[in-house]
Amino acid sequence: PTKSNPAATANSGVPLGPASAVTLNILDVAGNLQLTQGMIDDFVAAHADTISKVTYSKATAPELAPKVKAQQNAGRVDIDLVLTGVDGLAAGVEQGLWQQLLPAYASRLPGMNSYLPGAAAMQKLAGDFGVTVTYYPSGPLIEYLPAKVPNPPKSADELLAYAKANPGAVQYARPANSGPGRTFLMGLPYLLGDKDPKDPINGWEKTWAYLTELNKYVELYPSSTSETMKSLANGSAKIIATTTGWDINPRVLGQVPKEAKIGSLNGFHWVTDAHYAVVPKGVSVDKQAAILLLLQHMLTPQQQAKAYDKGYFYPGPAVKDVPLSMAPADSQKAITDYGRPEYEQLIAGNPLEVPLDAKALVAAFDKWDREIGGAKVKK
Amino acid sequence: MTFKQLRLEGVTRRFGGHDALVDLDLTIERGEFIALLGPSGCGKSTALNCLAGLLPLTAGRIWQDDTRLDTLLPEKRGFGMVFQNYALFPHLTVAKNVAFGLQMRRLPSAEIRRRTDEAIALVHLEEQARKLPGQLSGGQQQRVAIARAVVLEPSLVLMDEPLSNLDAKLRLEMRTEIRRLHQALGLTTVYVTHDQEEALSMADRLVVLRNGRVQQVGTPEQLHTQPANRHVADFMGFRNLLPMTVTARTGDEVRVEGGGLALTGTAVGAVRDGDAVVAGVRPESLRLAEDGFPATVEVVEYQGREVAVEVVTDAGQRLHLRTADRPAPGDQVRLGVDPAALLVFPQGDA
Amino acid sequence: MKTGALVVWGVVAFFFVNLLGVVGSVVVSSFGTTWFDTWLPQGATGQWYGEAWRDFGLLPVLVTTLEVSALVVGISVLIGVPASYVLARRAFPGRRALYLLFLLPILMPPITYGIPLATVLYKYGFAGHLTGVVLANLVPSVPFVILTMTPFIEQIDPAIERAARMCGAGTRQVFVRILAPLLVPGMLAASILVLVRTVGMFELTFLTAGPDSQTLVVALYNSMSAAGIRAQQSVDAMAVIYTGTMLVLLVVALRLVNPTQLVARVKEEDPA
Amino acid sequence: MAAVTHGRVALRHRLAERGIDRQLLLLGPALLFVATLFVYPFFYGIGLSFQPEQGGPFAAYRSFFSDAYERGTLTTTLGLSLPVALLNVGASVPIAYRMRGRFRGKRLLTTLLVVPITLGTVLTAQGLLNFLGPTGWFNRTLMAAGLVDEPLRLTHNYWGVFFSLVITGFPFAFLLVLSYLSGIDPTLEKAAATLGAGWAQRFRRITLPLLAPGLATTFCLTFVLAFSVFPSAVLVGDPAGETRVISIAAWHAGYEQYDYPKASAIAVVMGLVELAVIAAVLGWRSLLYTGSTGGKG
Amino acid sequence: MTFKQLRLEGVTRRFGGHDALVDLDLTIERGEFIALLGPSGCGKSTALNCLAGLLPLTAGRIWQDDTRLDTLLPEKRGFGMVFQNYALFPHLTVAKNVAFGLQMRRLPSAEIRRRTDEAIALVHLEEQARKLPGQLSGGQQQRVAIARAVVLEPSLVLMDEPLSNLDAKLRLEMRTEIRRLHQALGLTTVYVTHDQEEALSMADRLVVLRNGRVQQVGTPEQLHTQPANRHVADFMGFRNLLPMTVTARTGDEVRVEGGGLALTGTAVGAVRDGDAVVAGVRPESLRLAEDGFPATVEVVEYQGREVAVEVVTDAGQRLHLRTADRPAPGDQVRLGVDPAALLVFPQGDA
């Protein structure tokens, strides 16, 4: 389509709005739509002249890159917007799949200026390709049933001692397949005071030693977080690794008894997590314009409040000054019923760390697979 | 393994609503050579299959001396069988097909080899011994089937048209071989054939079936000269079967008339004055005779020493005869028949 | 003989009991509320189905799945059977090499060829909608049909074909009127297996599907392994929907092509 | 003119002698299809495996084979897929053999045996986790019956994957074997029976050899399915340890490390190993009789 | 569709190293009835298959008038064929098997029905029309195969032992039917049979094969009375073939001696004084004659009107004869033979 108003074209080529309403294909590889679909639908309802229709599809992060790559190789991109976590973002950055959005269009996304500090750090991690849309401090936390574990461990050493005393009772999922699993992994260097918490290969001596020791008393590493939740619920595990979201949401869904409690280990650092919006290269400028408008909308506090959801990414909003009271009613109710007052204090009282970058994380997974998970065979 | 007697009592087999074999009673003595004879589809193969245990009986029993046989599995009966469609093992060579049964008996391999070779030589397949059945001609396959069955020297051999695909010469030779084996090994044989000459020349007793029912059991001579009814007669080569009416009966001699002919014949069964009957005569019993009835030659078929001739009487009755003379189509001839060669059967018998 | 039969049927029964347990536990769970350390869930509900249905917009997904599988099965049989006929019946130079070539797409994991294949399909405008999904799924399906059908065709006596030719039937008619009916059991088996593989083929479908041409398995895998927290039961419900769909397809297939028409029946008349 | 036709005809004739004639055109569609949609992408993938970012053309292969952890996936995968394929085919044969004749309920039983085909990996995985898990019905039953004190661990290890492969693979093998079996003329067995062969001998000497080509194909296909196991190895297995099958390694290289050359290399290794097994089986098959089994003639 | 002439030129077919058919030259005129005759495995079916286009030729050509036929696909030749092993379509009922070819010609369905019914009636299978081949007896299957081929009224009908599984009566009847169809429809027929009587009575010309090679082509009478060599003679029923030596030759009359016998016969081919020869005589040409040579009866086989007798001469030579008299085993008899009926062949011809 010809640009109707060349004057409105900003310095870098993307018009301020699409020439006519566009349809968007949005691919979610992070489970982000659970938090943001409300925001998007809201925008479409209000600005039908910008975006007439949205189709959603979902996939897992690893498959994202091949698919986008195939489309770009063929010169026909039909994914317009991707919602992804750190992993998918990084994979695309490495292979040059994403359109660079920043700093060129920063001015069109005023919401980015009011990111929470943690979210801002996550945005920095993303470089200039993704826009943070939701954020949470994550973990590592531990979860247990008070009836079965009257005296939960309070530190990493106590956790190890507990595992030793109760073989098979401590469980965390294989880090490569599980958010809480990897948060636990990335949190350990801070807990144990390792040399370089950002360098899993050379800087995590204590962490690997600890995990090796713990491994002796861990019976199995399920390949999904849900499995650990199930183990907790049915009593075959007593303490499992978790995060804020994985604490609240499964209890809301009835996967874990409501009375389950969380605990933290002394001196832990939050290893934060976020979801990003990215645009693949090859998307038309009209669509890009629409997407920028959409993102602008999504980063307003009213819309961000929807990210409280049912605690799935607790708290969820990436920007400041979004109290729970702004959230939709059912979301407020879920959080009031299943949330935990102690979170506010835990979040305020412990340092925030960004997660490992993608390369380091994969290296950590690999090492974990070889030395911890894979070591089981030889036993 | 051997037995004195095999008794079939009321053996019956139905397929769906169709009676393939009804109420077959037969006692087979050890060492007998029995031929089952009858038109296509009359139940011969069915009878063999029942005897072999390959088809469960719908009713009836089979006794081997005092043991009941019909509940025994086929492989326990120790019979040998030549299948009508051969049923060769397609993945085994001729030699291995033949050796199969011997191997099942766990004979020493030298003996297996020897007997296999003998059986293959018997059916003249030495050159084909390493071929697969799919590479054989029809007659060669049939010979493999024969060799496979006789190599076992079983107490009872069942053969279902074992020579149907062989040429006259080989057929004669195989007939002789089969008879010779039968006698030399003291086998008991039940032999299905569609060829009456074969049946007559090989068997001790013949069983004629029709529509699943036994028509007559007897020696070759009995069947040839005294067929029990018109169907057996028809089947035994009484090709001329004329509907006629009895005008007089004296003892066994009857006078019959019909179709413009008046003849004298021999009564078989209950034939009375005035009855509608069927008078049968073989083509070879019709003679050219000066004093006979007139007819016109229609077709002459060359058959070697003799010719087969089809004639029509003046009243339009078609007759077949064989003669060493060579009449030409269109010739006027006169025909006669011996009273002893003209059999008169009641019309309506089953 | 008797003990042999007993052992076989015993094993079959044991298999069924456990299978029932496996399937049953998923079905029960998909209708259950919470289910912790007990024999049965605490309550019953249909909510998970409703959620799965809504979350994934399953109706269009189901329709797509049906279309894709019907097309893939149909086309791969049409293309594959004639090819397997030639491979089974004819000896010609290069036959083995060809056989190998047809083996490869089955052997090679889609990871080796998935991306370039999707690229090709996108380049020519096939991918991103149904056509692409069908074409991509045909890549392993056609060879699959070829491999399963070859032994079936070998089993048929060539004399029957010759007889048909002597009756004036050309190659096409020999196929349609003579071979096809005789090959019904084989084609049925091959079709069912292709169907199952197609409905279950995740990678190629995902790589070539557009937003409107996702199949059930893509939705199912996402619900199972995509990031995000889902209730166990909702995954179970999805799995049950998936299985139900396949079951319907299977039963339809078995109905359409009634295996009791088969030829072998006649000779099977009496178990010996 | 006659001479010209002559030459042409003669050529056609000579080609036909060598087995080349118009019927080969029937291969056309399949060949075209595989050539356009598979060959190019496949060679692209193979080519990729020889183009790692560093270390020369064979670096990707070298890195796979020099690393015991990666190399071990081969034995792990074979250790899983060979027994499973053998079991699936081995169990199908006697069951299908028993189901040849006509009997009441045959149709139902066949359908029941084939139904697990529809389960799909996910339901199977979920079901196994639920059913065989520590508090699943299976362990509950065992414990209630007092057979064991501790729940048996049957998931998240070798056995979990094994069972899932059996559940998905058995009906597949059974369906094929049953159909292949139905193509064998029952008269042949009858003939063998009259020659004194008991059922075991009939089976071994007649049915099995005639079935063998079908069995070989069935084995190959089930083996390939089991060899490329991926979702269940992750879902019900122990993907870092006991059931780290080769496709996990390929996945890891391709989709986590984004090292496509290495992923392709692993996939090529995977294909080659499968090919070796299949070549062995098909080589054995080509020694056997293949041809009409009398069934449909 | 129809043609004037079918020419086989040097038609040859090899299987691996085995020559199944060598250099067959034959011209078949339209409307002829040709019978292929020869021992089992001699290449009869191979010849038919080559003619039908079902087996590619190893060498040679086939011409239909001026068009070359051997490169044409079988379905394009428009021939009909009865297969030796029937090759019925197992999934189609009898009626549908028969109708198949007509459907291929896209005839109107009413005509298909009519012609199918006719053909089924011709082979007496009305009652079996709805059955599948697997439910038929062997002979019934064979009749379906015949009906399936003739229903097409093809320009050339190839029949491979089409009557081998039928009983004598039906066989005779079918023979007549086949001849009748052949004439009524103006068909050309190539007929393979192992039965010389059948061949003699049906065919216009006979082709005798042996080991894939033509031995003789001629009318029935020629073959019957003047077999070209000892093999043809052997095959045509000269069951007594005696190795002898020529002692004198006058014109065609030769004097031969051997095995204690001295006989007069007729020379066939190059036979000279002192040559080792084979003297052949049919069983039916040996007579009981007072002035003949002496022999002892060994076996007597009942064959209806006549008996088949095996005798041994004093020098141990075994002879077969047929006679209407009934000698008993052990009887001393004297045998004679017409010089015209004793044919003397050179020994070593191929």
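For reference, chains read A, B, C, D and E in written order, and residue numbers begin at 1 within each chain.
The working rule: a contact is a pair of C-beta atoms (placed from the backbone, for glycine too) under 8 Å apart; a residue touches a chain by one contact, two chains touch by 3 or more.
All values derive from a computational prediction rather than experimental measurement.
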Discussion item. Give me the step distance from chain A to chain B, shortest route via touching chains only.
Written reply: 2
Fill in: Identity of the chain that, by mean CA position, is farthest from chain E
A
Worksheet, complete the sentence: In terms of mean CA position, the chain most removed from chain B is A
Worksheet item: Which chains share more C-beta contacts than any other pair?
Response: C-D
Item to complete: Please work out the Cα centroid separation of chain A and chain D, and write it as a whole number of Å.
Response: 39
Fill in: Whole-Å separation of chain centres (CA-atom averages), chain D against chain E
53
Worksheet item: So what's the Cα centroid distance for chain C and chain E, whole Å?
Response: 55
Fill in: Inter-centroid spacing, chain E versus chain A (mean Cα positions, whole Å)
90
Discussion item. Using the touch definition from the top, which residues of chain D touch two or more other chains?
Written reply: 135, 185, 187, 190, 193, 198, 235, 251, 254, 291-294, 296-297
Fill in: Shared interface positions of chain C, touching two or more other chains
37, 114-116, 119-121, 157, 159-160, 182, 221, 232, 235, 263, 267, 269-270, 272
Discussion item. Can you list every residue of chain B that touches 2 or more other chains, as numbers and ranges?
Written reply: 15, 54, 74, 85
Item to complete: Using the touch rule from the top, collect the residues of chain A that touch chain C in their complex.
Response: 25, 28-32, 34, 55-61, 63, 66-67, 69-71, 73-76, 78, 85, 177, 179, 224-226, 229-230, 233-235, 245-246, 249-250, 253-255, 257, 312
Worksheet item: What part of chain E is in contact with chain C in the complex they form?
Response: 52-54, 73-75, 78-81, 83, 85, 87-91, 100-101, 103-105, 132, 134-135, 148-149, 152
Item to complete: Would you mind writing out the residues of chain B in touch with chain E in their complex?
Response: 15, 37-41, 44-46, 84-85, 128, 135-140, 142-143, 160-161, 164-172, 194-197, 200-201, 220-221, 224, 234-235, 237, 239, 282, 284-285, 301-305, 308
Worksheet entry | List of chain A residues in touch with chain D within their complex | 62-63, 65-66, 91, 94-95, 174, 176-177, 219-224, 227, 230-231, 234-236, 362, 365-366, 368-370, 372-377
Discussion item. Residue numbers of chain C touching chain D in their complex, please.
Written reply: 1, 4-5, 8-9, 11-12, 15-16, 18-19, 21-26, 29, 37, 39, 78-80, 82-83, 85-87, 90-93, 98, 101-109, 111-117, 119-121, 135-136, 138-139, 142-144, 146-148, 150-152, 154-160, 171, 182, 185-186, 188-189, 192-193, 196, 199-200, 202, 217, 220-221, 224, 232, 235-236, 238-240, 242-243, 246-247, 249-251, 254, 259-260, 262-265, 267-272
